[in-house]
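What follows is a pair of complexes built around chain A, which joins chain B in one and chain C in the other.
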Partner chain A sequence: MKVRDVFCHDITSLSENMTVRMLIRTMSLTRNHAVPIVSKDNRYYGCIDVYDIIDACLPDYMKGLTSSAILPTKFYDNLRSIQARKISEFVDRNYPFVSPDDSLNYAETIFNKTKRRTLPVVRKDTFLGILTQLELLTVVLKD
Partner chain B sequence: MIGTVTINPALEKLYFIEDFTVNRLHRLSEVQGVQILPGGKGVDISRLLKNVGLDSIALGLAGGNNGRVLLVELRKTGVTTGFTPTENETRTNIYILDNKNHTLTQINESGSCVDEDDIHLFMDQYERVVQQVDIMVLAGALCPGMDRGFYRELVLIAAEAGCRTFLHASPDILEASLPCGPTCILPDMRMGGLFFGHKLRSPDSCILAGSEIIGRDPDIELVVFSHLVRQDGMLVAVTRNRAMIFKPDDSSYVNLFGFSNAIVAGIVYGMSHQKSFQEAMYYGCAFGYAVTREREKSSPNLDVIKSYLPKIRCCEERSL
Partner chain C sequence: MIAALTVFILAYIAIMWDRIPGAVVSILGAAAMVSIGILSQDDAVRRIDFNTLALLCGMMIVVGLLRKEGLFEYVAIRVIKIAGGKPWSIFVALCLFTAVMSALLDNVTTILICLPITLALADAFRMKPLPFIIGEIFFSNIGGTATLIGDPPNILIGSRAPLGFMDFIYHNVPVVLVIALCVLLFLRFFFRRDFGVVRENAEEILAEFDETRAIKDPPRTRRALLVFGLIIAGFVCSRLIHLELGTIALGGAFLMVLVTKPGEIDEFLKEVEWPTIFFITGLFVMVGALEKTGFIKLIANHLLTVTDDATAMTLLILWTSALLSSFIENVSFTATMISVIKSMGPLGGMDLQPLWWSLSLGVCLGGNATLIGAAANIVAASYARRNQCEISFWRYFAIGFPLMIATIVIATIYMLIVDL
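The block that comes next holds the complex of A and B.
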């Protein structure tokens, strides 16, 4: 089986000019922890994971810590302060993605290696949809 | 690629109840049953096109549990979605079909209001998707409180991207949006009323209204009137230089669910295959008449639709 057989044909995405507030709103309403970013000329640009935003809000002295069990109040102040900033500042241009022709085994390897739960599906700069690890596991069990 | 926009979609529930009576308990058996479908004009058009092998991207606004179910069901049909998520719940439309008494009872919710953020996010998605489509279909009702001329901006953005547009909506929305240069318009006259001051009760009045609108908006190439279907199955099409009246050999129908949406889908199908307006109209008629022959809301395949083509006649043609 290939990625094209299982991915979700949903191209809901944001342009890089949107704000962090709009990004969080979109994540919350779509229940996706990662939102693909597509430029105004409709080319895939990258992706933002909620952890990219969390990381950006952590005070400098906490960055690099593997566990942040107790978040300081400063974290929420930082989140409020970046809400009007453009998401272009936070886009991960190297966020992993898969193509429709990739095998599911390859996709699962990417999920495990990168610890991401959502991967954009891209062909020649065109964003086609998303593949979630849960979807992949569900399909494997049904097969 | 085709794009469709459904600003105010609906989760549709169709109940098939023999001898439906008010003030009575109806328990649905397997024979009678219920059908749950993603609905709304643009959504219907995307589904119909997919069934004849044309890919499309369906855009719009959808929210809440109904919105999620609608999108999951729509994607199951193979349509790509790019809906903007909203905080408010997508509406439900209920249809009760009684095949014994030949009645159809409809209860349509008006839909939830949307806020500025919803519109802002929708426009962001629309402006990008329109770059990759050849024909954009803007169809159906707007959400309560929205500017009635909302489609105007969408048509202008599409034109800038070199994309042709179809407008299929109620007269008040069309009147607030025009002139803006869509390629084709089809007024939704189910609620009756006037269209640009015209009572559209006969083919003549449709032709007069159509040519007037084309005169006002230099970019409109085709105006289609489908509401006369109840009178001998007539369809009226007006172009820049002629008017045509189409009729099927057999104008009987089981129901008129999605009739006008199917006509739009057929014209889009024809135009995306480089057919002339007249040829595209034949496809529009064939799509339309094919969906009226089924008990359930259907998406006929291309073989079924093509079987209707020889049964449709252009019974009158006038130069304008």
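The block that comes next holds the complex of A and C.
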């Protein structure tokens, strides 16, 4: 089986000029943790995972704390402060993606190696849809 | 001698240049000393002080394990809660916590434990973090001066002098207490405006910090703490039980692994800062090569021609060590000076004890003068920068240098009263 047999042809994506606030809203509506980003000429530009936004808001010192005894009060302040900024600042241009012709085994390997749960499906700079790890596992168990 | 000196000077320049990791430079320097025939393979191995390496490795494992247990965060929150919500009392609590931690752990680890907690507190109370970070840098160096295990130069001095754990406590703790008090008063005056603002809802903010969440597995933490207590007791009684500190630390570290998570030994071995271990190993060999060529004896002779008076020599070492440690890497400087001081004994018939203490106080306190004076300072500055708190070299220097001079003046008076 190939990625093309499994992936979701939902082409919800955002333009690179949208704001972080709209990104979070889109993620909430589509219930997806990652949203592909396309450029003005509709070419695939990259992807943003909700963790990219969380990373941008979490103070660096949080990495040095070993427990949840000390809470980062600055997190929500930081989130509010970046809500009007363009998502192009946060987009991951090297976000992993798969092609429709890739095997499911390859896709699973990418999921596991990169610890991402959603992968954009892209062919020649054209965004075609998304593949989630949960979808992939469901299909494998159906077989 | 010329070849050995050339290798040593080149290595020193490369270490100060700081573009190539010190461990790489040090090991390549050591390999060069053996390759060009200054030291034989066996002689090179004999020059390595395995007691120092074992002490460093053991303490690194112990600290890593206690840190993962959440013990340090637990203690820090308890201390801050006892201090209350006033900026000045939080400042004093954090500085004293840093000093005590630094006396038991190495300075860089102390800074890496204290700074995240400090920055989180500064955020919560909307206080400027700069006074706190600078205070913690000073107190990490001051606290480290107090004990044999608090700072790598003291570990080197203690192991090679040889001086015991309690010798450091008896000699350095009194002067460290006086210095700590003076530094606190100085910082209180210097940052008086930052300590003036008190948050109204301080109690609520403090209540958000829940120390009970820090400890993941209380019985396991208690076991680890018990072993830590045994290690410290072992250090205190090391002469009585005829065990080297390295043996106690490494044995204790593995006992701690056994009573906590024996299956995760690989994880704990990752806590060892191997670059530091290799750096010091290479230094032992390079300094050993200089010793063998007679260069160290030459330096000692020259120093004795400057003065053969014990008081003058003690003060000369104290002030030279402090001033040089402000700018150069203090572990390599200490390793070299240890050999120089050792050579002075047979040459000048001098009592070496005061010289060891002057070296210890000089190199440890000298690190406070500049941002590059100690590894902990560099780590703290880079950590602060990543958290939007820039500490420039000159801004730090304006506080650090006069403060270092003041602490060395106190150390001078102390040495004159106690040792000379």
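Simple rule for what comes next: the second predicted complex is superposed on the first by the 134 of 143 C-alpha atoms of A that agree within 3 Å, B and C clash if a C-alpha of one lies under 4 Å from a C-alpha of the other, contacts with A are read in each partner's own complex, and residues count from 1 in each chain.
Criterion: a contact is a pair of C-beta atoms (placed from the backbone, for glycine too) under 8 Å apart; a residue touches a chain by one contact, two chains touch by 3 or more.
Only a predicted model underlies this, so the values are computations on that prediction, with no experimental measurement involved.
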item: Touched partner set for A:62, first chain B, second chain C, both or neither; value: second
item: Dominant contact partner of chain A by residue count, chain C or chain B; value: B
item: Touched partner set for A:29, first chain B, second chain C, both or neither; value: first
item: Which of chain B and chain C A:141 touches, first, second, both or neither; value: neither
item: Which of chain B and chain C A:72 touches, first, second, both or neither; value: second
item: Footprint overlap on chain A, comparing chain B with chain C; value: none
item: Chain A - residues contacting chain B, complex; value: 8-15, 17-18, 22, 25-26, 29-30, 38-42, 126, 128-129
item: Chain C-touching residues of chain A, taken from the complex the two chains share; value: 59-74
item: Sites on chain C touched by chain A in the complex; value: 67-68, 70, 73-74, 77, 112-113, 115-117, 119-121, 123-124, 205, 208-216, 383, 386-387
item: In the complex, chain B residues that touch chain A; value: 57, 63, 71, 75, 78-87, 117, 120-121, 124-125, 127-129, 131-132
